[in-house]
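I have a structure here, written as structure tokens, and I will follow up with some questions on it.
Just so it is clear, A, B, C and D label the chains in written order, and each chain counts residues from 1 on its own.
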């Protein structure tokens, strides 16, 4: 039921919201998160971010994460779009939408989806610094902690 | 700093997102909540919802709620738009956007803004049922509970 | 004993419907010094007012656009609003 | 002793860069029955492979597109992927 996309192209959040809610009047709230490329990381200027992924596994992992959200909350729709490739500062990286009859479910599912995606979907970020150096972003413990709070 | 609007007109979530992030590359995440009119309430079919408010107090109360969010989280922008007047099922009621360098702050601030708005901003909903009867919506204890968790 | 206070009183939602009034300017008699005393006095103005204030546990109040409680003191020129618990969002 | 297993091995992010290989088909010798044993054997294939697997605590694995651990058993034809902890979103 979830709409899952992995693409190099940008996404249009307004259009995705419209698609999720079109013709429906059973939805009470839609939670949304948009992740974007920041121009600094640990105080260093970022020229670009490159997102690599594991194509055969990615959509499957995202579908499993969305299915888990649909199991935990009564969702009326759910969208996950993740971009891959080289992205400039300010660009969109990821979109999560979760619609429900009730706002608490929509907001919690949105937070759950992005937390789990950050620790369970096979994407890797490489930062290009302004001076030309490039380094793979290291996983953050806070992301693991954020995902772990949903295990309880 | 927050953008606060109370209006009868619909809002355009995509355009508001664009306005919040235009020309910026210091944002890492934007949390968003859109509240919409459901066509049923307690099993009864709803023909329309009318939102009344206290004009002299409303924008002031919303600005105070946004200022509190900006005090609690490092936000890079914040938008609250609330519609008033008669709204049909499926229509937008409220939009909350919160942008931050970090996703956790953006998501928490979004949840905080809508929870506090539901208990501290002077809006009242009246439901028109399909049979013509009209009743004022009663405040829900779960909304008070949701707002109370931010007091800790 | 305090002086008489000219006040603007506003009613919203079902309090407006029960009183039949959206806004009224009143000058309560001397001694009406806080919100609780004002409510007692307003409730006697009409059957509609009495109905509006019949269950005071579900009536909320703002004085000069800030949430107030029964003990909030009143001053000449204050804008006092009565309404049910809010249900926006 | 188990038979030889023809496997497809994939490397992502800095594991791809260190091994210099995105994908390789390998037939490990008999006895390589799980992920841990495969890593031991792969680490001996080249200096780049040794560098990629130098710190196994930071290497994650998937078998047939599902997250796996060192004890996960392997079967002929499996697709085994090695990568660092994920950093998407």
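Definition applied: contacts are C-beta pairs under 8 Å (C-beta built on N, C-alpha and C of every residue); 3 or more make two chains touch, one makes a residue touch a chain.
Here the structure is a predicted model, which means the values were calculated and not measured.
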Set of chains adjacent to chain B and to chain D: A
Between chain A and chain C, tell me the centre distance in angstrom, where each centre is the average of that chain's C-alpha atoms. 49
Distance in whole angstrom between the CA centres of chain B and chain C is 27
Whole-Å distance, C-alpha centre of chain A to that of chain B, is 23
What are the residues of chain C that contact at least two other chains? 89
Multi-partner residues of chain B (at least 2 other chains): 35, 103, 114
So, with touch as defined above, which chain pairs make the list? A-B, A-D, B-C
For chain B, which residues are in contact with chain A within the complex? 12-15, 17, 21, 23-40, 89-90, 101, 103-104, 106-107, 110-111, 114, 142, 146
Parts of chain B lying in touch with chain C, wherever the complex brings them together: 35, 51-54, 56-57, 60-61, 82, 93-94, 114, 117-126, 136-140, 143
Which chain C residues qualify as touching chain B in the complex? 10, 12-14, 62, 65, 67, 79, 81, 83-89
